[in-house]
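Every chain is named by a letter (A, B, C and D) in the order it is written, and numbering of its residues begins at 1.
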Amino acid sequence: MQRTARRTTGGLALALAATLAITACGTQSQGDNTGSTESSSETGTADLAIVPSVQIDIDGQEVPVETSGDPVDPAGDGTAECAEGTSIAMAGALTGPNAALGQNILYGAKVAVDAFNAANAGCQITIKEFDTEGDPQKATQVAPQIVGDASVIALLGPAFSGETSATGDVFSQAGLPSLSASATNPDITKNGWKTFFRGLANDAVQGPAVAKYMVDTLGYEKVCVVQDNSDYGVGLAKEITAGLGDAADDSCSAEVKVGDKDFAAATQLISSSDADAVFYAGYYAEAAPFAQQLRDAGVDIPFVSADGTNDPQFVTQAGAASKGAILSCPCGPAPDEFASAYEALNGQAPGVYSVEGYDLATIMLTGIASGVTDRAGMLDFVTNYDGEGLARTYKWDDTGELSSALIWIYEVK
Amino acid sequence: MLVHDVLAADPLIGFDLAALGRNFWALTVDGLTYGAVYALVAVGYTLVYGVLRLINFAHSEIFMLGMFGQYATLLALGFYPSGDAFDKGILLTVLYLGIAMIGGMVVAGGAAVGLERVAYRPLRKRGAPSLVFLITAIGASFVIQEFVHFVLPALTGGELGGVNAEQPIRLVEPEVQFQIFGANVTNVTLIIIFSALILALATDMFINRTKFGRGIRAVAQDPVTATLMGVSRERIIMLTFLIGGILAGAAALLYTLRVPNGIIYSGGFILGIKAFSAAVLGGIGNLRGALLGGLLLGVMENYGQVVFGTEWRDVVAFVLLIVVLMFRPTGILGESLGRARA
Amino acid sequence: MSTSTPAENDGAPVPGPAAPARPRPELPPAGQTPVGQRPHGGAGDRLRLWWDALARPAQWAFGAPFVLFIALLPILNIPVLTTVGTNFGAVMAQFGMYALIAIGLNVVVGQAGLLDLGYVGFYAIGAYTLAILTSPDSPWNVTQPEGWLSDDWAWLAVLPVAVAITAMSGLVLGSPTLRLRGDYLAIVTLGFGEIVRLLADNLDEITGGGQGLKSVAYPRLGVTEELPNGVFSAGNVGSTLNSGVWWFWLSLVFIIISLLLVGNLERSRVGRAWVAIREDEDAAEIMGVPTFKFKLWAFVIGASIGGVSGAIYAGQVQFVIPTNFNIINSVLFLCAVVLGGQGNKLGVILGAFIIVYLPNFFLGRTSLFGIPIDGNAIANYKYLFFGVALMVLMIFRPQGLIPVRQKLLTYGRELYVAARRTLAKMPDGGPQAAYATSAPASGTVGTVGTPGSSGPAPTGHGPDGPDENGATGNDTTDGGNR
Amino acid sequence: MSNEPGGMGAGGDVGDAHLSLSADAGEPMAEKYLPGAGLDEPVLVDVTEVRPELADAALVDEIVAADREVLAEVGEPLLKMEDVSVVFGGLTALDSVTFDIRRGEILGLIGPNGAGKTTAFNAMTGVYRPTRGQVRFDGQVLGKAKRNQITRLGIARTFQNIRLFNEMTALENVVVGTDARHRTSVPGALLRTRRHRQEERDAIDRSMAILEFVGVGARATEKARNLSYGEQRRLEIARALATEPKLLCLDEPAAGFNPAEKEALMDLIRHIRDDGYTVLLIEHDMRLVRGVTDRIVVLEFGKVIADGSPEDVTSDPKVIAAYLGVPDEELAEGDADAPA
């Protein structure tokens, strides 16, 4: 009995080899032109990186990169004194499908806190992590714990717009200043909360800026807008489509789902339309396979996306297909020493929103260093704060939006 | 008043037959490519259901393990994962493809047999009702996913598994070979469809012509009598899971040819549910039904996306399933491997 | 064709003694434990008989203090029990919602035996009905600014509408699919759950799509100056009596109501019809049970209870987004029912508690009874533990933690009392002996049945052999020996 | 796979083309898997304690008696098989069968294996729709009625392989039978309307009486799967009686019984008939059939070959030939009209 089993599976394997042989001779006919794709395995994507190219303002015009003042150093002058156990909280998705984004923010903040604790022996700050799995209901369960913990005097988060809408009232009534590094839904700041500060430009700024940049500066007449179904993707796509106006070609616009890997139909729609560019509103986990399948289908029009895709993972996963992609981000380029400190501490390259996590944590730490001991003190410190961070200058208007919002444009070269 | 102007304002569900007309053949070719993968995975579901009356929910994770299996084989062969395609000449590429496919098959087949022994055999020994089997299958599906999610990166020092998808290793760069009715047919499509066809034929012959195949059909139709006739039920069940696993492993390689960055712990779940719907569409327990169901589902999904909008893909798949089951409860080709059981 | 019929060889016209029936040479089905070795639960039986003999009001009398204790749990702040990482009141509120869902799903899966893998669809419809009718973002908002409904009573007014719409969706899903059996029904309901989630995702003009609908209505009770929006608003976080606790009490009220209603159904013709359908649908149909009608009723009742729970969820979170109405939750609901014990209303509530409470128990906990543990990491492995727990449970305790103990008769109580009395005055020889000697009723043979037949009757429909009177014209196989 | 019978009209279950009475319920649920396993001490209850009046047998008979008004008087045909044929694909299971069952009698339906007894039984109880001819019951033609409607018309049946609701107690099984006559549905049960409460009380009284009547009263609170084989057979008859039928069909009720039990069963069947029911009995065991039936119909190869009193049917040469086959010498003379 045993032998026959082996022989049959052997037979199956033989049939298999035959299959491959047949298809091989199928590819034989075009054997000569595969030579064209040189690139032995080593060069690969090692040289491809996301390189900052230009900074644009809200109407897409290039703005000379003024060398902003040197960013505030979280270490401060090392003389900070604070009560024992003072801590800042971080709330966001640390597990579940979007865990990577939450971790980027947390690790960025840790770099700042480590620098602060190293320099200020008299004041050791701890980061208390609160995992919301990106689920609004879990956020409502975590919020009371954060507010209830008296030692927490500032909150870095909530990370996603959904969680922020669900728990905004909680933090505003508790007077706990909450600085979000990634919630970009424009109407969060329309709820009249005094304690919410958005650490980056919202979609209402990034959308029109990138749209006008594409139409005026890059000169695209027809752009296909593809969005995913996350609240980030939907919000951004709305702004971009509005900004593009009639340049948005809705015959090839499509909506895909978070977690999708197969974009055959969307690719076909785009390749059969005569668009000049594709704009993808969503995260890198879907942008990478989408870009790669576009290139496979022979669609080589420029691939434009935003901060959700502006992550080294996009380049590693999309490989050659990511060459020439244009990525916008309200975040400034992470300077090299931050990237090396980040890698040393967390063992991975900084990702999307890591810089914001660092900047906002730095603001809280400088607040504590300047003698703030409670939430009210921190609240008015942040409200009147005006200082330089790695990504941008941080100064908030009364609704919690950044006043000077500039967008960076990056390119994968 | 309110309702009217909302619906009229912007058609919630578009209906664009012209787009379908323009891209018909290209969508069909793409649809068949994905359909072939659905079909191979669907055969695994159909075999196990035919023999054991069990929806093997964990089969989607067997497919995912197959993806990691072929990826690990390529790593072992010294391929360094980078975004670019490798070009080592045709013969070498085919050789590596073959080895990787066999690697995927071994891992997936082994995992399927292991799954049967750990999860289902103890239940069979206790004569459990079918709902209990289903719950165990769902449990096993969670366990395998979280194993690859957390435990595998720990075991392999971060090489395999974890939160992000694996960096792709591309063996074959898609090159357009020829066009039928204006639709590009690339070498990747050719490899996938031909391999799937050959594997399907081999399985069909195996089930219908070999001694083992008869054993499977006998156990499917009447386990008690089959056992009385000297057919060892346990070995047949093990063999059924093995074949399902092998085909899933092969499908895994073919899938990663098309979607090299799909290798992630959660990569199999939705595809598995689609594949099972395809098996039910074709007629659960019916081998050819699974193949037909897979191809049909792949193609219908693509058409539905273009006609109604790409966000309606999964809805089209499930509505198709419900409609077919209402008018033809035993699926298009009707059940055959086992008894007709509504 | 091993089916044996009593008169294997055709008796001669002159009736010879009929050969005693050879027990079918069927293989004993795997895992059949002969009667003798079954655990003789002395105490368990007496306890169970005592509980059955209790009048229903008496049962509720025993239940009341227990329910009160559960209600006060978030306030008592018991050291180990109170969750650290997440707010205990909010966790209990989620438990309340999951318990309601478990009761509703138990009607469909536990009592009527219809495998429903798409139950989260009804939960979503309940939540979205409330959100669409009361959230300012949605075009069909009927509350104050645009509509006519005052904010204070919006939640309560929309609740019956949510229940009605969910019940109708149960009808819409049920009528075409309930002719299907077993595994087909499972896949179709799974499809239904996904379709509902995708509709919520894609119809973004109405449902807000991926961005969801925010500031959904909630009951504005207990408005004070420092709680401008009342105790149920998400803002009420300060004191121990935060919004989570109030929502937990509200869900407890609905749990008690649904337990009463489902209890009424269980003890009536409907409940008996459901269990008959679960046991043997064909036989039920022949015994006059309109199976299709009652299966549809099971779907509708299950759906409406799910709708109530969805409305409570939307009210508590005051923000509805399609992401967490996915297949994983559908499966978790099913596991709660199976874990607790299918068919047992109280058992499934325990199952729901385990599913909700256990992961939260570990979240953020750094030491357990002195042993330092990394709570977050353990909570991270949540699905791994659930998967393993399911597999292990299905092998060793498949009927769930509290197996079903169904009472299907409104007035059956006196019988149990009588049974208890006979059991009490049973001589030590045990009931078997007493039964054998006394032949209580006239005309009964009463003795142990044919040899080798005591205990689980060889009910004939053994594993798979087609039997004598099977239809499909297999008279030819009637005697099996032609 | 045997082909599906054509006209499965009754019961619109598309997927269930044939009434899979032999429903292969797959592996029977192992003991441990049945919820509530573990309670296995036979718990006995003295029904007369609860309902003292049930001690008096005559009253029990009176409660159990059939009071459904029947169009045909005693002796008139209650059910007529009018030239009924049932064809499955190529196989003619019944070939223009005509006989009737008169009210108040016990009719035996016998025949060698494969003679078509079961098909006739299924045709009568509306499980199959005849390919030709029709079945007239109590003046009505059994057209496309669903199976549960046929039970309400007044035909109740037992199964050859016992198909009780194992998880329910004996009393609950019988109460399900009485539910066939009840009209309370979900609204009634939810609001506990007067009708619902009334129906529940009647159901318990009637069911306990029926349990006493068939002699399984002591095991009322015992789960059906814990009853002995004999008791389960009787419980199935009780459940059929509970639907207040006009015609009670028993499908080999004595299968697996020893002679003493067969004797007791014959008393019970006579007792049922005396209580006003018409009984159809399908049976192999000629001794049992002769002992209890008033009239016998014999089927062979789907055709009626004899119809009359037990004495002359059992001495009819055709019947003997059908059962024993034709002795060689007669065959040699070729005079026996061996069936084609």
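As a working rule, contacts are C-beta pairs under 8 Å (C-beta built on N, C-alpha and C of every residue); 3 or more make two chains touch, one makes a residue touch a chain.
Everything quoted here is computed from the prediction, not taken from an experiment.
Among the other chains, D has the CA centre that is most remote from the centre of chain B.
A count of C-beta contacts for the chain pairs A-B and C-D puts C-D on top. A separation of 49 Å divides the Cα centre of chain B from that of chain D.
Put simply, the C-alpha centre of chain A and that of chain B have 32 angstrom between them. One inter-chain figure worth recording: chain A and chain D are separated by 73 Å, centre to centre, where each centre is the mean of the chain's CA atoms. For the pair chain C and chain D, the distance between C-alpha centroids works out to 35 Å.
In chain A, the residues that reach two or more other chains under the touch definition are 229, 255, 257.
The multi-chain contact residues of chain B, meaning those touching 2 or more other chains, are 53, 126-130, 132, 309, 311, 314, 329, 342. Each of the following residues of chain C touches two or more other chains: 29-32, 179-181, 184, 201-202, 342, 380, 398, 462-465.
Within the complex formed with chain B, the chain C residues making contact are 2, 26-27, 29-32, 109, 115, 139-140, 176-177, 179-184, 186-188, 190-192, 194-195, 198-199, 201-203, 205-206, 327, 331, 334-335, 338, 342, 380-381, 383-384, 386-391, 394-395, 398, 462-465.
Touching chain A in their complex are the following residues of chain B: 19, 22-23, 26-27, 30-31, 33-34, 79-80, 82-87, 89-91, 93-94, 97-98, 101-102, 163-165, 167-168, 170, 172-177, 184, 186-188, 190-191, 194-195, 198-199, 201-202, 206, 210-212, 232, 235, 239, 242, 246, 250, 258-262, 266-267, 270, 301-302, 305-306, 309-311, 313-314.
Chain B contributes residues 2-3, 6, 9-10, 12-13, 49, 53, 55, 118-119, 122-136, 138-147, 150-151, 222-225, 227-228, 269, 273, 276-277, 280, 284, 309, 311-312, 314-315, 318-319, 321-322, 325-326, 329, 341-342 to its touches with chain C in the complex. Remark: chain C residues 84-87, 89-91, 94, 201-202, 204, 209-212, 214, 229, 233-235, 237-238, 242, 244, 313, 316-319, 321-324, 360, 363-364, 376, 379-380, 382 touch chain A in the complex.
Chain A contributes residues 94-95, 129-131, 134-138, 140-145, 147-148, 161-162, 165-167, 169-170, 172-174, 185, 228-231, 233-235, 255, 257 to its touches with chain C in the complex.
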